[in-house]
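Several structures are given next for inspection.
Shared between the two complexes below is subunit A, which pairs with subunit B and subunit C, respectively.
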Partner chain A sequence: MSLSRKAAVVGAYEHPTRFAPDKSMFQIMAESVRGALKDAGLTIKDVDGLCTAGIGMSGMGIVGFCDYMNLTPNFVDSTSIGGSSFVAHTAHAAAAVAAGLCSVCVVVYGSTAASSRFAIGTGGAGGGGDPCDQYEIPFGPTTVGSYAMVAQRHMHDYGTTSEQLAEIAVTMRLHASMNPAAKYREPITAEDVLASRIISSPLHLLDCCIISDGGGALVVTSAERARDLRKKPVYILGTGETVRHVADGHRDFLEIAAAQSGRLAFERAGVTHKDIDLAMIYDSFTITVLATLENLGFCKRGEGGAFVQGGRLRFDGDLPCNTDGGGLSSNHPGMRGIFLVIEAAKQLRGECGPRQVKDCDVALVHGTGGTLGTRHSGATLILSNQ
Partner chain B sequence: MPTKYTHVNGHAIYYHYAGGTTLPDVVPDFSRGRKILFLHAAGSNGHSWHNQIGHLGATHSPVAPDLPGHGRSSGVEGLASIGEYSDFIVRLMDALEMKSAIIAGRSMGGAVAMDLAARHPGRVEALILMATAARFNIAQDRLEGLRAVTVGRAPQAFVTDGYSPKTVKDNFAVIREGWMEQIKTDPRVRYTDVKACAEVDLRDALGKIDRPTLIMAGADDTVTTVNDAELIKQKIRAARLEVIADAAHNLPTERPAEVNAAVEKFLSELR
Partner chain C sequence: MAEQQQKKYSKPLPHIDEENRPWWEALQRHELYVQRCRDCGATRYYPRALCTQCLSERTEWVRCAGRGKVYTYTVTYQNQAAGFRESLPYVMAYVELDEGVKMLTNLVDCRPEDVKIGMPVEVVYEDVTPEVTLAKFRPAR
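Take a look at the complex of A and B:
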């Protein structure tokens, strides 16, 4: 039984805030759910499925949010695998709807990382206390350091340069300049990126995502129901998810979860790379984008540096990427997977104004969660407006 | 010292005040003594007035907001000009149900206070201007330095040049406290605030101000000098100048007792 085209995203809403010290995480989430339901033309009474996860949330946080919203859903999913969680949730929601476990499933995220001042990448090691951590914590690893190690390896093996990584940051900032809600919108140059201070070699400040408050929500329902709702449905064509880890020290640093989750998504969707009009690629760091593009198969291993040069990733280039400005410039409250799906939905519906990709009919979304150099997750979706 | 949120133009504005707390949508009681609205400096926030609120709060109604993008108010950007800030203050006063108030301001806050008195005189009962100027003298490379921080070329500089040598020597805790407050606001907001100060010229507007005015300057202030204060005094009719010794650009936190005493004396003289 194929999941392809059985379900669709029918509501997509990104909360406009980037700093909301007056709101709690749950408030941002509730406002996002309201926005997504309004977008879909549905009400809270229609909702019988809920997916969420969050850094500031305990394992039972989803039950707390149901209390806040007064929901008793038939389907709950709090898969918590880092920033990709919401990309995986969208796939899980589609499967739940197709299997008849629920009929309208909301995927929601919210965070006050900036106003509550919790470390999302520099200070902490991104979670600890699991048995595998004992082999690493004594050496003082950090989240940004884990990503920097992948960049070091890529530069060592293939001569990839900081200038090439910088192009990714410059393009994301260009896109953010066209997104009124983005946190940083002033254009930057590659020289700005290289002149910004080193956070963890070789990653400069401007190679790293911003820190913001934020949130968003999606509504997923069956393809049939989608046809009667407010907007053009965004059909889910293919999905894939997996994890990568240290593999007892035998890990190939440069092979990331996207290699597997991407292959699954492409197979299940029945499309090829040349069909993709938009790539929403989790950009916790510039290296995340480069490594993901290689592992998804948009270019060969090692060729990522050349691939991202020459404006290829611009909204008007050959493979538009992160047209909202990404985590590098627009929005990154700690786990940004939901914004990938939201922007993809908006692009596929033609709602993006000055940053609209021409003839955008098929979009790929890839979320990365956790620490790329040690333990991370990957979740891929292929979406279409047809 | 209680704090609260109100909403102005889509911003959630955090403010510090004195007296009893009230429910979220209920404006606190500002009927004690005189209403005094304290406006903070570039990149700062309302907490910088805690010595004034603490002291004056027993007999008056002092209020110190965090301007948009500053401190615990929402948003990631400040406003683009002094004029936009004073227009904002009018709407904030509406939200706080303040028809008028005594407006106090330091540095950029002082410029906002002067602009408010010139363009919205009905809202201003009197002025208290601290460490400010009608026209700021801001070097281009100071602005460049602040901009460099916003693109990661330089870290925020821990400098003591806003403080008197006496504060540096005997009261370093005040400087550390000022630093902890400064880093609560995005460096980009500090940059755009200082830029707004560099672009404002209130010299002609001063002639329009006809409210009782207390001007205070730190004797050791090199950012806005005693001379800058004198220039303001010359142009505002009912103005008096007090120079505070052993204080500089941060006089409300450097010499709070002297500042509070001067303010109280000024308040007692008002009708």
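Take a look at the complex of A and C:
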């Protein structure tokens, strides 16, 4: 059974906050749900499915959030695979709707990562409890360090440069300058990125995503019902998800989850790379974008450095990428998969004002969760307004 | 060594259980092992009870020569975790052992700026507590 065009995103809302010491995580989530339902023209009484996960909630946090919202849904999914979780949730919501498990499914995330002073990138990575962690935690792994090791190997194998990575950060900041809600909006240059301090070589401070508060929500329902709702439906064409890890010590660290999840999503959607008008690529670090674009097949392995140069990723370039400013400049409240889908939906509806991508009809969303050089997940969605 | 052990070791320590104890006990003897499946021949690191390729429990412990090459690395300048924030910068690396598996480790006894991918390295055993010895690597001599 193909899932293509069986379900649609009909509501999308990004919470405007970037710093909310006066709000709780669940409050940000509830306000986000309200925003997404209003966008869809639906009410809380219509909701019979819920997907959420997060770094700030307990393992059973989804039940706690249902308690907070007084919800008793027919479908719940708390798949927790890092920042990509909400991309996977959107796929799971579409599958649940298509299978008749629920009719209106909300995907929500919220966090007070900034005001609660989470040390996400440099606080020491790994929960420490799983068997695999025991062979890593003694050696000082950090989130940024894990991605940095992928960058270092990419530079070694293909001559990729820090200047090339910097262009990704510069482009994201340009996009943020056109997003009134973005946390950092002052344009930067490649020289600024290279002059920022090294956090974990070869990655500089400005190669790393920011830490903010924030949240967002999506509403997914059937394609049939979507046609009667307030906004132009954003159909889910194809989905894919998988993981990569150390693979018994045999891993090729430049082959990432996106290679598999992307292939699945393209096959299931029945579209090709040429059809993609917008790419929303999880930018935890600049290297994440470069490695993801290669693994999704937008360019060959090793060619990512040249590919991201020359403004190709700008909103007016050949492959517009992260038009909201991404995690590098707009927001990164611990996880940002939900914002990838929200911005894609807004672009496909033509709601993005000065940063609107021309003739944006098909978008690819790819979330990377976890740590690229140890264990991570990848989730891909292909969406269209047609 | 005895003096070092009396100093408080504040970095995270591995959880040693019945499944992985033989591997950690070998490190205490300054011996490094990987596992090989007696049924299908697949080599694996880190140690586990079952072969991931055929799920066999018949495991051979293969003693490593303790030599390999740097597969990739990063010089960490910021880590807020206890024990590490006092020892910045440090080099975290994957070393590809001659036995064919990649191990996450630290490179020691060398300046961070001298580390290169492909550099030959050799194991050095660091007895960090009476129970735990870590396999780290230094440039091959």
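Some observations on this one:
Just so it is clear, the second predicted complex is superposed on the first by the 385 of 386 C-alpha atoms of A that agree within 3 Å, B and C clash if a C-alpha of one lies under 4 Å from a C-alpha of the other, contacts with A are read in each partner's own complex, and residues count from 1 in each chain.
Throughout what follows, contacts are C-beta pairs under 8 Å (C-beta built on N, C-alpha and C of every residue); 3 or more make two chains touch, one makes a residue touch a chain.
From a predicted model like this one, the values you see are computed outputs, not experimental measurements.
After superposition on subunit A, the partners subunit B and subunit C are accommodated together without colliding. In the superposition on chain A, contact is made by A:Thr374 with subunit C only, not with subunit B. Taking subunit A as the reference chain, the count of touched residues is higher for C when subunit B and subunit C are set side by side. With both structures placed on the common chain, the touch criterion links A:Met149 to subunit C but leaves subunit B unconnected.
Contact with subunit C, but none with subunit B, is seen for A:Arg251 once the two complexes are overlaid on the shared chain. Contacts of A:Asp359 after superposition on the shared chain: neither subunit B nor subunit C is touched. In the superposition on chain A, contact of A:Ala20 is made with subunit B only, not with subunit C. Draw one line from the C-alpha centre of subunit A to that of subunit B and another to that of subunit C; the angle between them is 90°, to the nearest 10. When the two complexes are overlaid on their common chain A, residue A:Arg197 makes contact with subunit B and with subunit C alike. Legend: residue contacts after superposition of the two complexes on their common chain; A:Phe139 is shown touching subunit C, with no touch to subunit B. Put simply, subunit B and subunit C get as close as 12 Å, counting only Cα atoms, in the superposed view.
The contact surfaces that subunit B and subunit C form on subunit A in the two complexes overlap at residues 197.
Of all residues in subunit C, only 11-16, 19-20, 34, 42-46, 48, 52, 71-81, 83-84, 87, 90, 92-94, 100-106, 112, 117-118, 128, 132, 134, 136 touch subunit A in the complex they form.
Contacts from subunit B toward subunit A in the complex involve residues 5, 12, 14, 69, 72-76, 151-155, 188. The touching residues of subunit A, when paired with subunit B in their complex, are 17-23, 115, 183-184, 188, 192, 195-197, 204-206, 212. Subunit A contributes residues 119, 122-124, 128-129, 131-132, 134-142, 144-145, 148-150, 152-153, 156, 197-203, 246, 248-251, 253, 373-374 to its touches with subunit C in the complex.
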